[in-house]
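Common to both upcoming complexes is subunit A, partnered first by subunit B, then by subunit C.
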Partner chain A sequence: MSIKVDFQLDAKGFSCPMPIVKTKKMMAELVDGQILEVLATDKGSKADLTAWAETVGHQYIGTVEEENVLKHYIRKCSNDMLDEKTFEHTIELEQVTKREGLILDAREEVEFAFGHIEGAKSIPMGELEARLSELDKEQEIYVICRTGKRSDLAAQRLSAHGFARVYNVLPGMTSWKGTLIKNI
Partner chain B sequence: MSNKVAIIASNGGLFDAYKVFNIATAAAASEKEVAIFFTFEGLNLIHKQGMYALPMPAGAEHYAEGFAKANVPAISQLVEMAQELGVKFIACQMTMDVMGLTTEDFIDGIEVGGAVTFLEFAKDAAPSLTF
Partner chain C sequence: MSVLKWSAAQVAEKVINNEELIILDVRNADAFEDWKIDGRKFEYLNIPYFELLDGVEDILPEIPTDKDVLVVCAKEGSSMMVAEMLSEAGRTVAYLAGGMKTWSEYLEPIKVGDLTGGGELYQFVRLGKGCLSYMVISGGEAAIIDAVRFTDAFTSFADDKNVKIKYVFDTHLHADHISGGRHIAAATGATYYLPPKDAEEVVFDYAPLIDGTTVQIGASQIDVGAIYSPGHTIGSTSFVVDNKYLLTGDILFIDSIGRPDLAGLAENWVGDLRETLYKRYRELSDELIVLPAHFMIIDELNGDGTVAKRLGRLFAENHGLNIEDAVNFRSIVTDHLPPQPNAYQEIRQVNMGKLTPAQDEQTEMEIGPNRCAVR
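Moving on to the complex of A and B:
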């Protein structure tokens, strides 16, 4: 699997606690919202990184194993991220699969790969402006992310570009109880 | 939730050193404030020469191969990393006096203190660990 990430850390061959220590150091290079891929051969690193991310407040996205190498994906978060949702048109999560419009997933590619709603289209927040031509202004668009924050911003941008039938989906994927489609 | 981890290192073998420094670096990497109180044989772990010659437990010498194979970092590397991550090292004054040691005998960047110095740090730490 080749997936777009912002940073990569090679911790192969290192035993505990090195993968964690190296990840912590590397994380300082990232800005909020960026994705780090950690390559490790330490079998304990999956449990450790999951717990570490939980402790320090980053988002552990998932792990894939390829040829005895574990690839962990973590998204940098900080506690002081403002949780403001201002886009006025919202739709409840349960409603989106009952309607005809497009579910637009604004999370990063790797988050999408580890689980999304069937039929959803992936355009990460940062690529939205460059990929507007892929969207139809006549169609209803339900923008979703993990918690409703990035999708709020994405919905505002779409609206500013003349998309009139845009809704922010609340809450986000963290509350999705249905089937998750994975591309990993 | 406490953001402090307090560790007492009172044994001077190689296994003891790994237990102490692995937990300490992992905790510091998880953004905990960490202090280690080195007392009695535990002082070996930060002794300038001693830390390079920490003994394996009797009968466990064959694990040396396992350490190499698992690519476990050397104690000196873990010590350096722990200090880089801000782990506080406190050497026990009383033990130093008994053993005739001075700060010159230890790696740089340590503090020297008594039991109360450690207790003051540890009073609101969770977990507190002894090795």
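Moving on to the complex of A and C:
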């Protein structure tokens, strides 16, 4: 399947250390929150990219293998740690699956693909305003992301557009212990 | 400053001679934790290469200037990069050609001793993986026992010694490394022997190796006699060579004993293991020199790099031979087993001839430490 990413890096045929060296260089071009897809044939690149991303604080989303090509997905995070959650209506993560409303996942498409809560609807933060018509103002909406930051913003925007029954889910997917649905 | 390129043979020399060496391993922490180049006097620094992409200045204080420094990675590329960075920072360091991959494949042939009538016995020490193979040479002929998959190492050694390989044996169906046995036999016209009880699923022809199988090598007639000694596998067989050496396969090691679970039948085979170690082997002469198919830790190496010890001393010193209580023994060898070797089930399939992976896949399967023993 093809998945929406912001940048793609072709490191096929390169052996260690080049996939990581090139990824590091490329990541400098991205702005926070953007997604890079790295294509590599070096089998060791998976373990190394995962460890490297953790070291520098980027979010390693996942890897799929298609016809001997590894596709790695990384999201740039450099000051993701600062969280200023301001939306006042919040709901605890464990409550969302017990209620009737809609779980709205504000993460990027590829993050959603690598694991989300069953029944959740995916609308990445950046697409929210263009896709408001897909949402029902009468329904309760629980906005979730990875840590609660993007969902906070998304909830604020929904509220500004007249959605009255919106909640920010805290904490985010990083604390989800239940089943993860994958579609990649 | 210059960047030196060291071969695996140069590193092997340092291991065997107990020399000092600083190893800067730039692989992932997990990979380093799993296995590394072992040396009695080696010191280690593990700093993944991807933490050094912005420069090596921060680690310079940690790297001694008065000792040899070897940078090591998985295949070579990253260690070369880090070595060059260190060189630009004014240090003289070496990197390991071919990285851990090559280290895992390197074989050091070491002479164990002379045999009756001018024969010789060689041990091929695979330092990176802990595998030990053997070549018995006498009167222009050779027999090989437990050959690893690098068949050239054996055939070219035989060429150098001007001997013809007549017999190739595997003491059992290996689960931790890919055997080179039948490939050597096919290339040289030698007869390949395998214990039939381990070979029920193999898809190639072999000669049965059973209790009492004896071959003679060369005109001087060195005896290689088989003793059925099950426990690691149901077919495991040992050899007595020239009434002097006991090749134990994966049943008995210098500082540990074989594990019975790699074919999934620990409960069934633990009794056989006990019988072999506590009855069959005790009927043999204490003076036999034990030559196992593996070593686990570098301390098992003798001063000359061989792995060999008198059977009598093992009876006195090896913990696995000194567990009086049979119930306790059963619990130790079935309940407290270390993790199984990497890809051991696939490796067994390869050794049965059912899978024929490409070279780099074989390398991948054999990655990681040897784990055939219970200590």
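Here is the rule we go by: the second predicted complex is superposed on the first by the 181 of 184 C-alpha atoms of A that agree within 3 Å, B and C clash if a C-alpha of one lies under 4 Å from a C-alpha of the other, contacts with A are read in each partner's own complex, and residues count from 1 in each chain.
Convention: a contact is a pair of C-beta atoms (placed from the backbone, for glycine too) under 8 Å apart; a residue touches a chain by one contact, two chains touch by 3 or more.
This is a predicted model, so every value here is computed, not measured.
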Assess the superposed three-chain arrangement around subunit A: do subunit B and subunit C clash, or do they fit?
clash
In the overlay, answer first, second, both or neither for which of subunit B and subunit C A:Lys43 touches.
second
With both complexes overlaid on chain A, does A:Val21 touch subunit B (first), subunit C (second), both or neither?
both
By the touch definition at the top of the document, which applies to A:Gly13: first (subunit B), second (subunit C), both, or neither?
first
Does the superposition put A:Leu102 against subunit B (first), subunit C (second), both, or neither?
neither
Where does A:Trp52 make contact in the superposed view: on subunit B (first), on subunit C (second), on both, or on neither?
both
When the complexes are fitted on the C-alpha atoms of A, one of 8-16, 44-52, 170-178 or 350-358 in subunit C overlaps subunit B. Which is it?
44-52
Starting from the residues of subunit A touching subunit B, keep only those that also touch subunit C in the other complex, and list them.
15-18, 20-21, 24, 48, 52, 55
In their complex, what parts of subunit A are in touch with subunit B?
13-18, 20-21, 23-24, 48, 52, 55-56
Under the touch definition given earlier, write down the residues of subunit C that touch subunit A in their complex.
28-31, 48-51, 53, 73-75, 77-78, 81, 364
Residues of subunit B touching subunit A in their complex?
22, 25-26, 29-31, 70-73, 81, 85
What does subunit A use to touch subunit C in their complex?
15-18, 20-21, 24, 43-44, 47-48, 51-52, 55
